[in-house]
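Take this structure first; my questions come after.
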């Protein structure tokens, strides 16, 4: 018995490296698959709306496609990888100490791979639809452009600076709300409703912050499919279009995510009373909360 | 031990004033941030629909923008401020004893500030979109009016009297339902679903009571962004438009909220049996409720 | 002590009649108010879509208006009246022993009153919108007919026989599903999600069984507002239109509800095993259910 | 006592065959009824959109009709049959050991019968609407084709090979996500939200993978109504249309379902640690999950 316990607390270097490699495979596969699922549903909804020309859904279908896709991805990656599906989320988690920095490359690569494969799958499934729509002429710009099925491109009126602000802001709102939804001392999403609420959040960002540049708010979601289109027939125009737009949804969300999460921490999380008063018991109802506030302030 | 307990029940004036100031900062920051979040999503959805001219969502996107925005705001303000996000809600809470009157100015100011900042943020993010849409001519009326992205304006057929009724009624329905959703002796929203249900309620009001004047049903939601437009380039027309419409969504909701909450109390809450029979245990199913009603009435 | 217990089990006639009268007031007020709330949101959404002429929602907004209206009505009537809001539901509950027959008139009258008052409120709030839309000419038929904002009318192609089938079938589907959602030995709606699921069910019926005649599937929902329009200016045409359509949504749902609920009982509820095996513990997941089925059948 | 226990563990052949026959009736009736409910709502939404010509819903109404129809079907079949409602689901459950093979014919026949009867019911309810729409000329192809109300047909551009890929892929995504939603060692749907999440999954597939061929992703859903149309007046064209399309949604989903479920097992389920660490206690929040990952990997 004694030896066994020793071994379990002091694993040999071999055991540790084996467990780590196993863990990396385990987390990497789950993160790849959940990103793949989210992206198949998201990109599929764009493909359907674009090639359907109004007969198979409108802009709101795309919002639902990405929103519900995120919700289901949360169940696929689940407790194995945490289902970030977004490099800006993983990066912010590292900055605020919720993910080890050494895991970041694994998350980046898994998300990039999942997004790339999803783009390939959606292209395969919609191959005939896309070629029927554009007459076989795969372009990144123009009336029958199809590259925007896979990666985001800015509206004609948008400057690079305006687009940078747009992507910083959208991702800041995403992370700000994710922080609130997981703040155990405030009013977090209940067990069982996290995935749906995160999905509704992404739906909401698409509804309110989507028209400037297609709400990438996610470096890997945008770069993976853009790389796919570059090699699958659309060529290097996918990097040139929109004044070289491609780097904006890669860089800006990393900054925005950290800012948004930090803003929530600065304005709300830091001020939670240290005592356990506020986080005891189940979530209080509106009435109890108000009365509680009332009571405390009358002291 | 004895001294410690004494101190905790009889804090010195200094301690009390310190705790109060802390509490004010804490509640004010949370109420400001949750109102900001709700308004960014709400106003963002209007900006997108208006400047998108049909390509990026329709009227129902705006209903979803405000509805889901309220749901997420509930998680941001959560247990810290109760996430009223609406001066008519805070006022009704004071009238019915769920919030101390001395807290009301703090809630008003926080909500006004959050709404003002949200209007500024949405203007910044949609700056190029709005100027592209209206040709740089910021107006409160006319074919390319953009002031309605931020504050509400009445339909052409609506009189001030009709609009006043509209705002009293819409806010009455809001507070009536909020009272039901938080009535622990009836069938309240379960822990974990309050925010979603409140969001669906706001979505529903937009779907059914929105076309007369844009369902402000919230003084601070309307006044904050109107003030922003007044200083940001739209000028004093934002107060003159609609026969001087601006004061209606400020005053009428305060009255409507108190009436609606009172109606629920008068017709339902007052009649709950004093004994704990009705509120014991978990929520009963339709079947049990019906059988229960049946049994009691056969006595 | 002994006397008190006796009294509580053998209340005098006076006490019993007092409690009964109190209970009638209590249940009647709650049923009236929840029906009122459901109908204000439902009729309001029709008024908005009709007078908005496409700018403030489409047919699906009406489906959402009634669906979410039912969900919120469930919280208002809640445990007090059970929130039937529908004479066909109350009637079926009596037929299957879940409501005392002597309560039926109270439910009918409360639902009729709530629906009538809701029609009046919606007319008041949309008075200027409706008169602007139809030029002050209140009609039940024709291009600018507005009576259909309040009560249902059949499609031009629909015969009375076809409409009768339509209303029997729609209400049968409603009650069949309500029975399933409240069957404690099967997979009922969990505490806290009943109202939302019932709302989604009504939304679904509007999406799939609504175009023939406007899915009244509810005698009181249809008759109350029709009576209101008859006295408020539309005249007796509201009873003559559609070949005297008015009685179909009053009679057919009563039959359909009983048939639908009975069908569920006949095909599913009757066959539950008498032992408590199947209803023990929390709801099983898909996996457990399937394995369980598998195991039992391999015995 | 001893004899009773013996009997309960060693039932005679007669008792066993009786129980089995009972179980078959019980499961068969429930599976038939839940499939019927799902299909009435699904096909009803198509009938409404097609015959309504834009006035009673758009493509997204059909997505909602099938999605919410599946959610309600889950409550009808519930714990009795598991509410597969889809031969590809039942087949995959058998392949992966969650359903006894000998039950498969019962599920197939029940699902086929439920779908056939639902098609008949929808035709009866929409009889006048359909004949008014197509002028009494029931066809499977052409501008006023109505056979697509009941069964799926491919888009004009789609080859049989492309359609086969489409159906394999769509059903693979369905089963992959169903596996995740029921994986107790990952992040399964909580009790009470399974039906809604499965409904949202079907809604999502309609939004993102529906335009190529109408997302049958279900052999019995497609074959039952197709048989109905063949005998009800559309004739054998329903089998000839689309280059003899009919067999694709029968065969391809069977393959796709097994592949998708297998992919989830291969990439996620197989790698769960054998110890109970990962599945202990309630579902962890985003924060805890991330910290947990972080901690484990720092070992």
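By written order: A, B, C and D. Residues from 1 in each chain.
By definition in this document, contacts are C-beta pairs under 8 Å (C-beta built on N, C-alpha and C of every residue); 3 or more make two chains touch, one makes a residue touch a chain.
Just so it is clear, the structure is predicted and the values come from calculations on it, not from any experiment.
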Same or different residue numbers at the chain A/chain B copy interface, by half rule: different
Whole-Å separation of chain centres (CA-atom averages), chain B against chain C: 28
Intercentroid distance (Cα basis), chain C paired with chain A, Å: 40
For chain C, residues contacting two or more additional chains: 58, 60, 181, 183, 188-189, 191-193
Graph class of chain-chain contacts, one of line, ring, star, complete, other: ring
Complex interface listing, chain D residues touching chain A: 58-60, 63, 155, 157-159, 162, 165-166, 169, 173, 176-177, 180-181, 183, 185-193, 197, 200-201, 203-205, 207-212, 263-264, 267-268, 271-272, 278, 282-287, 289-294, 296-299
Contacting residues of chain D [partner chain C, same complex]: 11, 16, 19-20, 22-23, 25-27, 29-30, 32-33, 37, 40-45, 47-48, 51-52, 55-58, 60-61, 64-65, 68-69, 71-72, 74-76, 78-83, 93, 97-100, 102-103, 121, 124-129, 131-132, 178, 181-184, 188-189, 191-196
